[in-house]
Structures are given as C-alpha cells and as structure tokens.
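After this come two complexes, each holding chain A, first together with chain B and then together with chain C.
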Partner chain A sequence: MRCRLDSLSLIVCLHLLSIDGDDDKGERSQIGDTMTVAAGVGYVLIALGPALSLFASVIAKKPFLILTLLSSTLFWLISLIILAGAWRAFLPVKSTELWPYSILILTSVGFQEGIRIGFWRLFKKMEDMLNAFADRVSKPRLFLTDKMQLALAGGLGHGLAHAVFFCLSLLTPAFGPATFYVDKCPSIPFFLISAIIALGFVIIHTFSMVIAFNGYTEGKRKDQIFVPFAHLIAALITLINLVPGGCNIGLPLLCIMAGTTLYYSWQLVWRRLTEHQTTRSSD
Partner chain B sequence: MARVRVFLAVLFLLFTSSPVHGADNGSDSVLESVPDLEKAMYLNLKSYPCVRLLNLSGEIGCSNPGNDKISAPIVRLKSGTIRLARPSTVLLQEEQMQDFFLRVSGDLEFSKNVAGVLVEPSETVNMSSGFSPADKFPQSAFAPYSNTSYEWNLPGSGIMWNKYDFPVFLLAEESISTLKEIVGERNEASPENVAEFDLVMQTTKLGTHDSETCLKEQTCLPLGGYSVWSSLPPINISSTVTKPIVFAVASFDSASFFRDRSLGADSPISGLIALLTAVDALSHVNHLKNLKKQLVFAVLTGEAWGYLGSRKFLQELDLGSDSIRGLSSSMIEQIVEIGSVGQSLGKGGTLFYAHAGGESSGTKVILKALEDASESLGSDNVKVKKASSMNPGIPPSSLMAFLRKNTSASGIVLGDFDSAFSNKFYHSHLDNACKLKIFFFKRKITKKMFFLHFYQVIFCSTTANIKTSSVAAAAALVARALYIIANGDATLDLMALNDIKVNVSLVEELVGCLVTCEPGLSCELVGRYISPSNGDCPSHYVGVFQDTPSASQKPSYVDDTSRFLWNFLADMTSATRDGTDSCTGDCSNVGDVCIGSETEGGGKCVISTTRYVPAYSTRLKYENNIWHVLPANPSDPMESVDPVWTESYWNTIGLRVYKVESPLYDRLVLAGGVFVTFASYLAVVIARTQLAKVVKRD
Partner chain C sequence: MDDGSTDSDPVTAGESSILDTLGEDVIRIVSPVSLCMLLVVLLVSSLSSTNDLSSSVSSLFLSSTTTPTSFSSLNLLLLGSDSTWEEIKSALVTALSFVVVVTLLTFLLVLLFYFRCTNFLRIYMGISSLFVLSFLGGFIFLLLISHFKIPIDPFTFAILLFNLSVVGVFAVFMPKFPISMNQGYLVAIGVLTAYWFTMLPEWTTWALLIAMSLYDLAAVLLPIGPLRLLVELAMSRNEEIPALVYEARPVDPQPGDRVRVWRERTDVRIEATENSTNSANVQTVQETRLAVSEEITAPLIEAFPQTGDRHLGTEEVEDGIGLGSSGAIKLGLGDFIFYSVLVGRAAMYDYMTVYACYLAIMAGLGVTLLLLAVYRKALPALPVSIMLGVVFYLLTRVLLEVFVVQCSSNLLMF
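Now for the complex of A and B:
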C-alpha cells in the first residue's frame, strides 16, 4: 500500500496505508539530546492529552468502558483495512489535483459513517442484553449517563486509533535531533502539524459518537446529519493542507471544527440530561 | 449491510480507469514509511574526508576532537568574517581553502569556534593561480643537495601537513545541489541547518599521538603498498643477469588534502602512462635480446610519503631477496625517471626538460640518447632540453632516493617543467583529468512554489590538467631513448629505431582508466586483467600496508592499481607460450606467471619476469603481529629523516545534514503538550461536576 506522506490529508492517505507499515526500521536515527526528547514527549502530549485525561477520569474507573474502548478501536481499524483493500487498485494517487482525494475522502467517510450505524445497532443489542441481565439479577438498568459514557468510550476508541495510527506511528524520528518541514508548509514543523491534526480528530471522533448515539436513540434528524457532515467537512479541510501554505488555514479550521463538535455535544448532553432529570422528577 | 455492499460495488465500477497522473512534482519525494521519513530528514552527503595521519613526531590531518560525533550549524564563510560567534560548521568555497586553513593554524581565537569544515567544489574552476596543499619543496629533507629552501612548487601552501582538531570534508559534485537547497533556504524564521560529522579516529580515542605509540597500541597502520617491476625481455631466472641494466622508473602514488581524492593526473600518473606506453611500444621490437643492455621497468608507490617504494626497493636489492631476483644493484648503469609530462604542449610542439642527477659521464649518455631520440622523431617535433643550471639539482623524484643511496649512480628525471613545476595543482584534489564544470538551472515549478529547485548538469570541460598528446610525445621520446641507451655503443639500427611507434589510443585509454571516474577502473583495458574491488573511481593514495610482509609473490592485500600494473606489465613484457593454459593462480612451469587470473575466463600463463616488491618504510619491521619502529640505520642518511607515516584506524566516517529547531521551541512544545493535557483534565473534571449536579444521583 503506497501513500504520499507529504500530502497532509492524512485521513485519506493513511486510511489506506497497510497496518504493519513500519516494522522495517533500517536506519535508526540517534536519540538526540534531552531537548529533542522533550519535543517528542510534547508532541505525544499534544496529540493524546485530552484522550489521556478522558481515559484517566472517566473510562479507567469502569472496566466495561475500557472494553468498549478497545473493541471500538478494533472496529475502526477493521474498517480501515476494508477501505484499504477496496481502494488498493487505485493507489497510489499520483495527482496534484485535489479532486481524486476528495473522492477518496467521500467514500471513506461514507463507509465509516455507515459502520457507525452498525456499531450503534450492536450497541443497542448489547444494551438490551445488559438490561435483560440486570432484570434477572434485580439490579438497576443502564442509566442515561451510563449509555453516554459508553458512547464516549466508543468515540474515544475511534479517536485513539486515529491518533496512534496517523500521528504516533510517525513520531519516532521526532525524538531525534532533527526536525522536518514539508515543502508545502514551510512555517510549521511536520510533527507539530501531525499532532494538532490528531488532537482535532480525537475530539471530533470522541464527541461525534456521543452525538450520533443520542441522535439514533432519539431519532433526531439534526443530530444524525450533523455527525457525518462534521466528519466529512473535517476530512475535506485537511485537503487544504495539500495546497502550498494551506496548512496555515487548514489547521485553525480543523480546530474550529473540533471545537464546534465539542460544543454541540456539550449542548446536546446538557439538554438531554436536564430533560431526563425533569421527566424523572415528574414521575 | 448487503445494500451497502452493492452500493460500494457500483461506486467502484465507476472508477475503473487508472488514476490521473498529474505532473509529478520533482521536489516532493514520495515518502512511504518511517525509514523514508528519516532518510528525508537526515540527508547523507556524499563527501571525501581528510583523515588523521601520524609520523614519528606528531600528527597531521583532521579528526573529531573526541570520541563522539560533532554537530554544528552551517555557516557560509564570508570574506569579512573576523570571528565566529559560536561553534559552527564553516562552509567554504575551494578558492577560500588556502587562506582559511592558514588562518586557522595561526589564529586560536578564530579556530576554537570552528567545529567542522565543508568544502564546496567550485562551479567554475577558476583558480588560475593554482592550488597546492603541499610544501613549496615537497620532501626537501630527502634531497641530495643542501638548498632545501628552493621553491619547486610555487603555489604550495603546506596546509595538508598541519594538524587540525576538527573534521574537514570535501563535498562531491553530486551533493552540491542538495547543499544549495539546504543552505539557500535560510532565512531568520527557518530552523537551522546542522552538519553532523562522524570522523572519530582511533588514535584520538586512545590517546596515541605519534607513529611509535600508535603502532604499538595497534591503533594505526603504516602507509605502504606494492611496487611492480618487470624486465623486457624476460630474464632467465636460473642465471643471474650479466648484462648491465637500464632502469626506467615512474611512480604511481599521489597525495592530497582529502584521502580519497588523490588522482594525481599530471603528477605523477602522466609519467606512469608515458612509461606504460613506452613499454608497449618497445615490446614490439624483435631483437631486444641482442641489445647490449637489459631493459628493466619499475613502477613505485609510496613515493609521496617518504619515498617508501624506492627506498624499500633499494633495501631489497641490498638484501638480495626473492622479490628482486634477477637484478643486482651493481649492474644498474642508467636510471631514467619519467616525472610529470602531461603539460608540455606549447607553441610549436612539445618540449621536455631533462634534470640530470649524479655522475656526469652516465648522465651524458642518457642526454645524448634523448637528443638522438628527439631528432629521430623529426616532424613530430618533440624536443628535449637540459634543465637550467640555476636549479639546485633534480626535482623531488624517486631518483633522489637512488642518488642518496648510491652516489655513483646516474640518472635523469624527464619532466614538462624547468625551474619549477608547471603543474599548478601538485598534490591536490584538483590534479585531475576532467575539470568539472557545473551548471545550475533554477526552475520555478509552478507560480505558487516557494522554493527554487536546482538541477545540475556536470560535464568535463576540455581544460584538463593532463594532455594526452603531451604524454604520448613523452612516451615516444622515452621509448626511443631507452632503445638507444640499451643499444650501448653498438651501431644503431635506424630502421628499428624508427619503427618504434607509440599507440596514442592506448594513452587515451589509460588516461580514461586511471585518471577519470568515467569509465574509471571499469574500463575495458582494466577489465581484461583484474576485477576492481574498490569501485570505479581510481584513487592513487598509497593507502595502508595491510599485509603481513612475506616473501611470497601472491600478497593478499594489493590495491587495484598495483594489480592492474602487474598484469599489464607482465602482459607487455611477456613471451607468450604456445597453447596458453588457463590458470587461476600458479602455472605449471616454474618462472611463468598467470595474468588475468581474477577475470571471468580465468587467466593465461606467460613467460614473464614481473614481480611485486613491497613498499613500506625501511625503518619498520613486522614481528609478533605488531609493527616495530627500528632505530635509524646510520649508514643510510634517509632513514634519519624518514617520518614513518601511519594512518589512524577509524570505525565509520560519515557526514549528514539536518534541520534542528531552537531549544526554546522544544521547550515550548513540551510546555504546550503539558498544558493541553492539564487543561483538558481540568475541563473534564469541571464538566463532570456540572453534569453530576444536573443528574443529582442519590
């Protein structure tokens, strides 16, 4: 599987990279002085900071959430493999035009959103099974907050997979003394761009899942449409990075998109919980 | 799911055409994996190092100052620079080299901030005043006369004989465009480009700073190689030679500031090629057996490093060892040495100078023979003149060693110069056959491209440092002169003399094989005899003596040039057997040698007297797996001035360039990461408490 690493549309690019891409590390760069190890650690924290925080404060407390996270990671990776297999014949895309990449993105995002619906159906089945079990042992059923946490864990699994796959796997050279700049983006180092994109997508994936699950459960069209569109728009924004100097626009836009998803998700959760509380208290 | 599958299948059917191939932007290398990314980050530059050499009293050359790699930001040397602000890698043009190194040796304030040096070959080689890192009188201590301040090498600066505590690399022509892109992009906002040098020398690591200690600690090896001699026609080995010997000599090793860039086109390879061509011309003469004197040809190595080849050859003659069986030093009557002969084309033909050394009656014979040979060449207009009597004596040459050893010897050094070398690039990396001209094309790929991309075209200009017609003329002159001398006082067969003709295409072939990289040692002529083990580009640095000295004629570590010369001379001076046997080593008949044994078809056995003679300092002795430095022999005046050159061991030598960020940036990134983590943790905690309030669980 070949892929042009310099095109910063990493979603498309590395969607289609084979999973065991870099087990052949021929030339190791020497580990530089502590300053550059600091930079490496910094990049890891930028990409994974929120993920780690979420994991530590929400997910680590409940083993079932950890399981959900792991299985959703696996699910997402499987979806990548399928996409890679499907697109194998058309790669590498040797084009400087942007439209072949948009087709790649369209199909990939569409496929993943389709998978998300499947994931949600699985989740519903699991919820029914858990509720049935709870009834049998006379324990309370799943609360709304539990379900939201499950959604969060699922989304975080997707996000983590994205970050590890598209950013962390490339970060080994960042611990060495050298830095790297891509021709099309001479103002920001490559590793920083990669970390910021990973950060953006961790947030988008995590909170999209929360929105999506709520949307499918409640049947609200607005929420159901928001998620695929947000994902698609975010992915298309990364195409801006393919243009010389585009990363200066693309990265802030991606961060705005992530912020939008976060805000939308917060609003939805707040509304849902307050409504639920009022309905409960009115019982 | 089934519907989704069908949908996808339909979608893919619509895209059965192959992907669009846009104009492949040459500047974007396609990175396919993390190792590719690392290769793009760390650029290995092809380059030639200057290494650490040691003698009895100290060190010369270059090395990393400690045991580690050195990395320092690259700074182009501008002409007004007084001081460097911090340890830097100095990027020099070739023209700036001499002044820079002279300055570094004198100015400690300046040199303490020189962490490393990169020399960039000039685009237009425009050094009309010449460049030579050798001394003005190379190896003056070996001269048989006392005027050691005479200047034979006018452009000489002596910079290669100084010690530098920083690495120095000469960039190859192929690396110039990479370097231009790197250094050209520099502006204040960009990260810095840093060069990382790996030139850690074993002698520096272990603190052995002169030849004796380093040989004892085995951190170095002595310089040396293998000289070759051959006689025409082959000598009957069972009887010691009774005829007097005419000895024709050339040397084939050069030196330079950069170890792997010593081509020595004019000095001394032009002389070598002239000798080889003369051997070829004389090999067609039928009745050499009937001549009064025996012709012996010798090509010596190690001459640039204390006349190792000639001194060892003389020592072997004294000891009567196997390698020189058939020769005896008392029988050598005349010595003709061919020095630099590549630049003698002037107005109206070629002119060579005969530098006479030693007893005058013997030299008169040689001079007369040269003049007669010149006359017989008639319309070819090859003239020879006795060198000026204002010269203190013979120029630096192997003849110096012969004269110092035996003052009754007499010989002539033939050269294209009179009172000073005409070679302006003596012992420098610019003494080559191909003056490279490099043109850069700057092309903007698209209007929006920020960077120019440099495409380079490298080709040979015709202003080379060695001219084949000059070499061919010298070969003709020497061949005929040798015939005349070997004829002695018998009547000269003028028809036979005029039949001695030089093969000019052989000269061109040899120049292509021995002094250029294309075709270099992969040329057809060399391929007939050996399979080169060290790549295409010939190198005439003598190298280190890796063998254990033994009496065998099949040494294990002979370099490509010596092996080629042995095979070539054996072939030229051979009387071939009928029914040539195919051989790979030994021949069935004693006294036969196997030529071309390395080649694919195997070799052939010929009758020839061609031998390897080891060339290393006469002050060294190999005993118990260690080289020992013996005290100087009082009867040999050259031993007390012999520096006994050795070369340090090293592990790897490398040069790479990469960009680094400022330490502030690294700290900022770490701080940013920590901030993002803590801020998100805080946000999560606040959100949780807020939501908990809403839910009000009991």
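Now for the complex of A and C:
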C-alpha cells in the first residue's frame, strides 16, 4: 500500500498503515510478519547502531556517565520544545519555497548552538563540584580522559535525542507490513532516509560536543568556530532534500559531513592526549 | 575491570577516578523504573492495537479531544456527542472518590499498625500479592496468548501460573529470599498493576494521576498526613512496616544489619471480599467490572541506620551531590505503578509522547533524589515526576509533534 501525501496527512497515512497492517495479520504468512518486524528493527539499528555500541563500551561502565547522558537528552528535548513553541504559530508551512524552511533551520541551529555554550557553563560547574567532592573523599581529581568522557556522554545524549525524536518516533508503521515513500524522494523509503540522516546527526552531535568542550576549555578559536559551522552546514545540506530527487545528493553529503566531524574530533583528541602525556612524563 | 582511561593515562593504572563509582545508587533505582516502564509500553502497544476503536490520528482529523480506548469506548459512543464534558466530570468524581478511599484506608492502616497487628498486615499483603500475580497476571497472560496465538494447553497454563504466583509471593515477603528475585517480582507486580490501570478511560487516568500526586504530597509532608504518622510510628518503635517497597540494594549482600524505615503502601482493590487494613473495595462510577489492584504511593526514602555502629569510612554522604551514601534507596511500588501508568497512557497516543514523558519522569526522579539527599527524610516521589510528566505530555502533543512531523516529512533535520 503506497500513499502519496505530505505534511500533516503524513500522520494519517502512517497510522492508517499500522492499523491496516494489524488487520491483515491473520492472513499473512509467518515469514511476512517477522520480515516486517525485522525491517523496523533494522531501521532502528541503522539510526542507533553506533550510539548503542558507544553506550555499551564506554558509557554503561560508569553510572555517572549514564546520568549525564539522560540529562543532556532532556536538555536537548527542552530546547526542541522551546523551538517548537516559538515556531508553532507559523506552522504548517504550506509553501514549497525554500526560504521559510531555511529560516526555520537557521533559527533552530542558531538557538541550539547558543544553548551549547550554556551547557558548557553547566558542565564547568559540575566539574568544579566533582573536584570538590573528590577532594573531600581524598580521591584524585578528574582526569583529562574523564572530562572527555563526560563530553562524549553529553554529545551522545544530544545525538540520541535527535535520533529518537526525529526518526524513532515516526518509525512505528515500519513495524507493519507496508512502507512509505515521500513525494520528493521516490527511490528510497522514507524510513531509510530518516534512519540514515539520524545516523549522520548522531555522529555529528556526539563528536561536536567533544570538540566544543575542548575548544572552550583551551580557548582555541578554530575549534569553537568549527562546531557551529559543521552543524549549520549539515542542517543546510538537509535543505537539499526539498528539491525533488535531492536526497540522492543530500544523504551522501551528510555522511561526508559526519565523517569530517569524526575525523576532526579524532585529530583533536589525539593531539590533546599526546600533549597531556608528554607534560605528565616530563614532570 | 579495565576502563578506557587506563589505556591512555599511564598514571591511572592503579588509581580509580571518582567517576567510576559515583551515581551507582541512582542508576540502581533508575534501571528497574525504566524496565517497568518499558514493559508496560511494550504490553500497551502490542495489546491495544487490536482494541483501539479510533487512533490518535482520526482524533486529529475529527478534532475530538479525547481518545476512547478499550472498555470505555462503547460507553462513550452510547453517551453521545457531548461526551467530553461528561467524561471530565466523571473523571473528576472518580479520582476524588479514589483519593478519599485511599486516605481512609491509610488511616485505618496507621491504626492497625498502632495496635501492633503486624502479622495481620503481612498476611494481607501476601494475599493481595497473590491476587495480583495470579488473577491479573493470568488475565494479561491470556490476552497475550490470544493476541500472539501461542499454543499452550490449559493445564500447563494453570501449573505455570500457580508456580509463578506462589514463588512471587514468597519472593516478596520472605526475608531470606535472593534479592534479585525479590526485585524482579516487585517489578512484575508493578507492570501488571500499571497495565491494568491503563485500561481506564483517558480523562480518568489523568485525573487520577494528578489527584494521587497531590494526595502523596499532602500525606507525606503535612503533620497530620497518614503516611507521615506511619513513618514516625515505625521510627519510634524501630520496626519495619510490612509493605511492598522496592529496595535498590546491590545483589551482593552488604555487611551489617540495619533497621530500615519503610514507606508503606496499601493495597486498594476492587471486588476484594474482605475489608482489611490494606485493601478496600472501590466501585468507581465509570470503571469496568474488572478487578484492579492498586497501591497507594509510597514516598521515596533513604535507609539510614538506627542502631549502633554506622560504617563511616570514605563513603560519607556529600550534601551537594547526595550520592554515595551507605544505605540503599527505597522506592515504593506505587511510584513504579503510577510512573508506568503515565508512560503507558502516553504510549496510547504516540511514541513521541512516550519518550518525552520518560525523560520528564527521570528528571523528576532525579530532582526528588537530590531533595532526598538535602533534606534526609521521607519525601513523596510522585508529585514532581507526575507533574513534569503531564506538562511534557501536553507540550509534546500540542507543540512538538506538529513541528517534528513538519520537519521530518520534508526530510529537514538539524
């Protein structure tokens, strides 16, 4: 069953798909049933695979990082709600022109980057509290790797929130037997596109938080400018998806952007850690 | 255990940073709450898809404000088009009567505890757990079997159910049972009861949640509140209250024996034949005839040792953060149930509200734990979380959904 609708009617179609699928459940073969659940699970894993492995290997071991993750997810959600509140009066945007959407993107990204500075201040305060606590129980203060892990957990929280709200919450019909194609992109199912975009943004959010915290701590202009820039470019790339057939260009570009952020963060962390090691060994 | 920092920082080969163990207590209470909510959401989404007469979408379409679900839908259809106001009125009446009954029962419980009828209370709690596990559990089991078409014969089913319920009752009330089984069965009881509550009509559920959180606030903090009286009685006598409370103890046993101050819960049940301290019959106006087991909220408390040697070491409580204390955090089962009811009801609308409400409840729980560390006395765990949950549900439903769908359907994300 294919439906070619857009904007709010999308919700209608998606829910009708899920209800429709359940009615036919009895007639379908067992293989058909499990295939569709498998498709849904597959989309979830595409969007969240790296995030889950990061969680299992780094974050799940330290309870405090899990708490940081939950609070940064909440933070991102609140910023998204504020944005939605600010834009509510102007939605739904009926036109297919580019400029209302670009204003939407610009304001949203600008707001979120501004919030990131506030997040960093909270992070500094928390670091001071943790150091004071460490002094009180006579344990060593926070190491550099601890601070980076905190930044990683914060960034992963943001990325997770993005994936959950922009991709997972719309994935419910994917667990049914049908699929859905958007008008502007008839070659890839909607769920797959949103999963890949969510994957790209998870990586961008996670590692740009690491870069940003390091940049603010060290005071390096280059790092501080890179993060809002990367976020803005990535968001503007998704504007290409408005053009019919644009998603074929937009998706690979987004993945390239995610890879760039990953590489930059890798270089930064490597440099920082080797510097730290040389200063420690020279003491 | 090797963590990442030991590889890159040569100094930490022998040392451990504070980040390794900080926040363990909180995670040990967050995990079972999250698990309970997850199970309820899974149950609701797999079982209610066949029962829905109208989904959230058609309500958008038809611009009606409520979503009739399951047993109440027929009722509403018969009542006619002006059903929204009727629903709100009946919801308020139901919630109010519920709170009144729970208050009376709690006072009765305080009275019984005062007259030292502890055995009576314990036996009653055992019977009510048996009821929840066998009847409610059996009913939900049957729903699952019919929905997923699991081939199972009645004898196997009966034997399984009997075994599971009896072991559950022992796990919850025998003192020497393994703590992991105790915790597992408490979560199971919470899931079953919460799923039952999500079968209420929508307005009734919300009114009930808000009413119970206000009641919890009053009952624990006011000087005449029944729960506060109960806690003070238990503290003055150094006794434990017989109650269904989740104790976030680690699986390895802690040294030393501590007397704990319990937070207590009553079992409110519909159609229970006996009227004892911990349970009552509530025949509500718009309810279904099915039995619902309910436990009043239990405030969140921290165990602090009453007797002699307190093991102080380096694990002193840090006032600013409130973590790392030497006792286990206790959370009443009613809190589990009401959190899961809120999330389950959000699941009946859409998954976006589920995630938003989950985060709100976790935030509320965190705030409550912080307050617990600061004030060091029994605190109500419901009000902050439920209020935040309701606020986030409304905000998501009104503001966020339109925004996100608008962006996603045009493949615009940031």
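Note that in this section the second predicted complex is superposed on the first by the 251 of 283 C-alpha atoms of A that agree within 3 Å, B and C clash if a C-alpha of one lies under 4 Å from a C-alpha of the other, contacts with A are read in each partner's own complex, and residues count from 1 in each chain.
Throughout what follows, a contact is a pair of C-beta atoms (placed from the backbone, for glycine too) under 8 Å apart; a residue touches a chain by one contact, two chains touch by 3 or more.
As the structure is a prediction and not an experimental result, all values here were calculated from the model.
Touch criterion not met for A:221: it reaches neither chain B nor chain C. In the superposition on chain A, A:54 makes contact with chain B only, while chain C stays out of contact range.
Looking at the shared chain after the overlay, A:165 reaches chain C, while chain B stays out of its contact range. Once the two complexes are overlaid on the shared chain, A:273 sits against chain B and chain C alike. Shared-chain residue A:145: touches chain B and chain C both.
When the two structures are aligned on the shared chain, A:92 is found in touch with chain B and with chain C. The intersection of chain A residues touching chain B with those touching chain C, taken from the two complexes, comprises 6, 22, 58, 91-93, 145, 169-170, 172, 273, 277. By the touch rule above, chain B contacts chain A in their complex via residues 1, 4, 8, 11-12, 15, 18-25, 27-42, 69, 71, 185, 189-191, 194, 196, 448-451, 658-661, 663, 665-674, 676-681, 683-685, 687-688, 691, 694-696.
Of all the residues in chain A, the ones that touch chain B in their complex are 2-6, 21-22, 24-30, 35-36, 38-39, 41-46, 49-50, 52-54, 56-58, 86, 90-97, 100, 103, 107, 111, 114, 118, 145, 169-170, 172-173, 176-181, 183, 186-187, 189, 192, 199, 243-245, 266, 269-270, 273-274, 277. Those residues of chain C lying in contact with chain A across their complex are 1, 3-5, 8-12, 15-24, 26-27, 30, 49-50, 52, 55-58, 60-61, 314-316, 318, 320-321, 324, 350-352, 355-356, 359-360, 362-363, 366, 392, 395-396, 398-414. Those residues of chain A whose C-beta lies close enough to touch chain C in the complex are 6-8, 10-12, 14-16, 18-19, 22, 58, 61-67, 70-71, 73-74, 77, 80-81, 83-85, 87-88, 91-93, 101, 104-105, 108-109, 112, 129-130, 132-134, 136-140, 142-146, 149-150, 162, 164-172, 182, 184-185, 193-194, 197-198, 201, 231, 234-235, 238-239, 241-242, 247, 250, 273, 276-277, 280-281.
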